[in-house]
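Okay, so subunit A shows up in both of these, paired with subunit B first and subunit C after.
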Partner chain A sequence: MGMNSVTNIGRNGIQDWIIQRVTAYVLALYTLFLLGFFVTTDVDYQAWSALFAQGWFKIFSLLALLSIAGHAWVGLWTVSTDYIKSAMPRFLLQAACVLVMFVYVVWGIQILWGL
Partner chain B sequence: MLVSLYRYNPETDNAPYMQDVEIELPEGKDLMVLDVLALAKEKDPTVAFRRSCREGVCGSDGMNMNGKNGLACITPVSDVVKNNKLVLRPLPGLPVIRDLVVDMGLFYKQYEKVMPYLVNDNPAPAIERLQSPEDREKLDGLYECILCACCSTACPSFWWNPDKFIGPSGLLQAYRFLADSRDTAQAERLANLDDPFSVFRCRGIMNCVSVCPKGLNPTKAIGHIRNLLLQRAT
Partner chain C sequence: MHRLMGLSIASYRVVIRPPEPIGYRYRTDSPVPTYQPSATVLRSRGTKRECESAVNSKRPVNLDLGKFHFPLPAITSILHRISGIIIFVGVAFLMYGLDLSLSGEDGFNRVNELLDSFLAKLIIWGILSALLYHLVAGIKHLLMDAGIGEELESGRLAAKATIAVSVVLIVLAGVWVWA
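On to the complex of A and B.
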């Protein structure tokens, strides 16, 4: 019954749902932290690069980046299966989304660790 | 009062159209929408709609009244009429057979998927399968559904995926049997629901709750199903 797709990130609906929820919490925490940082700190280049020089913040940022990728994958997969009924254009859109997320993650790692 | 009726006869009409009928409402009396339809049918006997019990029990006359789904027989005109105008359309999202009569095939197909019957592999006892009053109470708010389809046809997720998303009505019934202490097929029922469409297309917008003529809460039942799936998966 129903349909399990090879193009969604989880193996079934409950996995997708958990990924969506957990990544949402991570993104909310990251957003709140950054808001707090902007409010409490006089942000200049020194403060900004000092923040990103800390190992824990690099890991936190990577976690947020991976969360964006996972969250967007589940969300856009859902949107594409809602609105695009023919398989080929739907697959192409999903593949394009995954490619963009992959590029963002690798690019983000390069930026965070100054590679 | 001006009544605007959705008319479509696929044998004679190329496309659906709205027919305006002027109805004289009796003074000092609040009619139900179904009564108004009966008056309209006196003026034009070709208008087709379903009705049976005329007291909100059978669920035949679900329709869209001034934009909101409900049962015509228990909806007072004063509740829905705006600017002395009443627009009656068939339930949205299902194929129209004629006028206000829709094809409920997809709706019933989703209902069938949830195995809406008690499954119990244990040998039948000499008397009834007993249930404690507490266990029986868990079925309140679930068993009352009359399958009028007002909720599922108010749900955008059901409009987009009526073949894959079970819809609020079917899911309310799915939980009615998941919650039944006499049922032994919980694992099988849950295994049938954990794909990305059957349950998880629910986005919790609660259109179903706002239209249910019996005051039931499918969104809450869907939340319970999700929790059961979560417990099973972790």
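On to the complex of A and C.
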């Protein structure tokens, strides 16, 4: 309770668990897709920019990006809660992690939509 | 006297013993033959082992994890956490590369030039290794959600498979990066 329930993404452990699983499936699919693309395609600028120009892949990438944020939020919250005993350093670290993930998401949207 | 798998036959007297607990010896020199700690164990551990005193203590005790022997499934679990943290940091490098590579043909070529350097290859291989390990260990987790690999023996086997598969993939990623 207290600091912990303020900084986790879900309202309870079951929500965290479900977020971790759903995002895991998305990220596994995205990773396997990109690995497959690199293995089967001779990647030059044309092929690379053509992939990221497609609407469905922009959305798939944004979904993966949001999944990274949610997955890392649950994962880093769990790990930091396990190992950092004192409340204030743990709160600051968890808040810093959330800030980094927010920056990743905004940065990713800028990259994907060329803003 | 014949001894066979804990079964002693001496002068028509048959004694069947349960297996000896680790560090204990069957003492026949005490009034009632029973299992007692062996002298070497008593000498090496002083009074009580740390985990024993922690369990019996009324006060909460933080166990010294540095003194514990970790089974393979515990090691794969810790590596899963470490690789996750590496990926979290590595995403910054990947997004920097993605940003540059999509900024135009010059930017794409600049990423290729950067990837010629030893340090960049090392960083990319490190991130790929963490990603591949995290993926394999994550798939093991999802299989465990489905009830596969949850028993002691199958869990140990799954941990071994996690290590084996990810080592192969990490070597392949190394060949891909450095070739």
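The rule is short, and it goes like this: the second predicted complex is superposed on the first by the 111 of 115 C-alpha atoms of A that agree within 3 Å, B and C clash if a C-alpha of one lies under 4 Å from a C-alpha of the other, contacts with A are read in each partner's own complex, and residues count from 1 in each chain.
Everything that follows uses one rule, which is that contacts are C-beta pairs under 8 Å (C-beta built on N, C-alpha and C of every residue); 3 or more make two chains touch, one makes a residue touch a chain.
Keep in mind that this is a model prediction, so the values were computed, not measured.
J.: Should A:Tyr104 be classified as contacting the first partner (subunit B), the second (subunit C), both, or neither?
T.: A:Tyr104 contacts subunit C only, not subunit B.
J.: Based on the superposed arrangement, let me know which partner A:Tyr45 touches: subunit B (first), subunit C (second), both, or neither?
T.: Touch status of A:Tyr45: second partner only.
J.: Does subunit B (first) or subunit C (second) touch A:Gln54, or do both, or does neither?
T.: In the superposition, A:Gln54 contacts neither subunit B nor subunit C.
J.: So which one touches more of the residues on subunit A, subunit B or subunit C?
T.: C
J.: Based on the A-chain superposition described above, do subunit B and subunit C contact any of the same residues on subunit A, and if so which?
T.: none
J.: Given the complex with subunit A, which residues does subunit C contribute to the contact?
T.: 81, 84-85, 87-88, 91-92, 95, 98-99, 101-102, 105, 108-109, 131, 135, 138-139, 141-142, 145
J.: Using the touch definition up top, name the residues of subunit A that touch subunit B in the complex.
T.: Listed in rising order, the residues of subunit A that touch subunit B are 1-5, 8, 10, 12-18, 78, 81-83.
J.: Using the touch definition from the top, list the residues of subunit A that touch subunit C in their complex.
T.: That would be residues 21, 24-25, 28, 31, 44-45, 48-49, 52, 68, 72, 75-76, 79, 97, 100, 104, 107-108, 110-111, 114 of subunit A.
J.: Touching residues of subunit B toward subunit A in the complex: what are they?
T.: That would be residues 113, 157, 160-161, 164, 192-201, 226, 229-230, 232-233 of subunit B.
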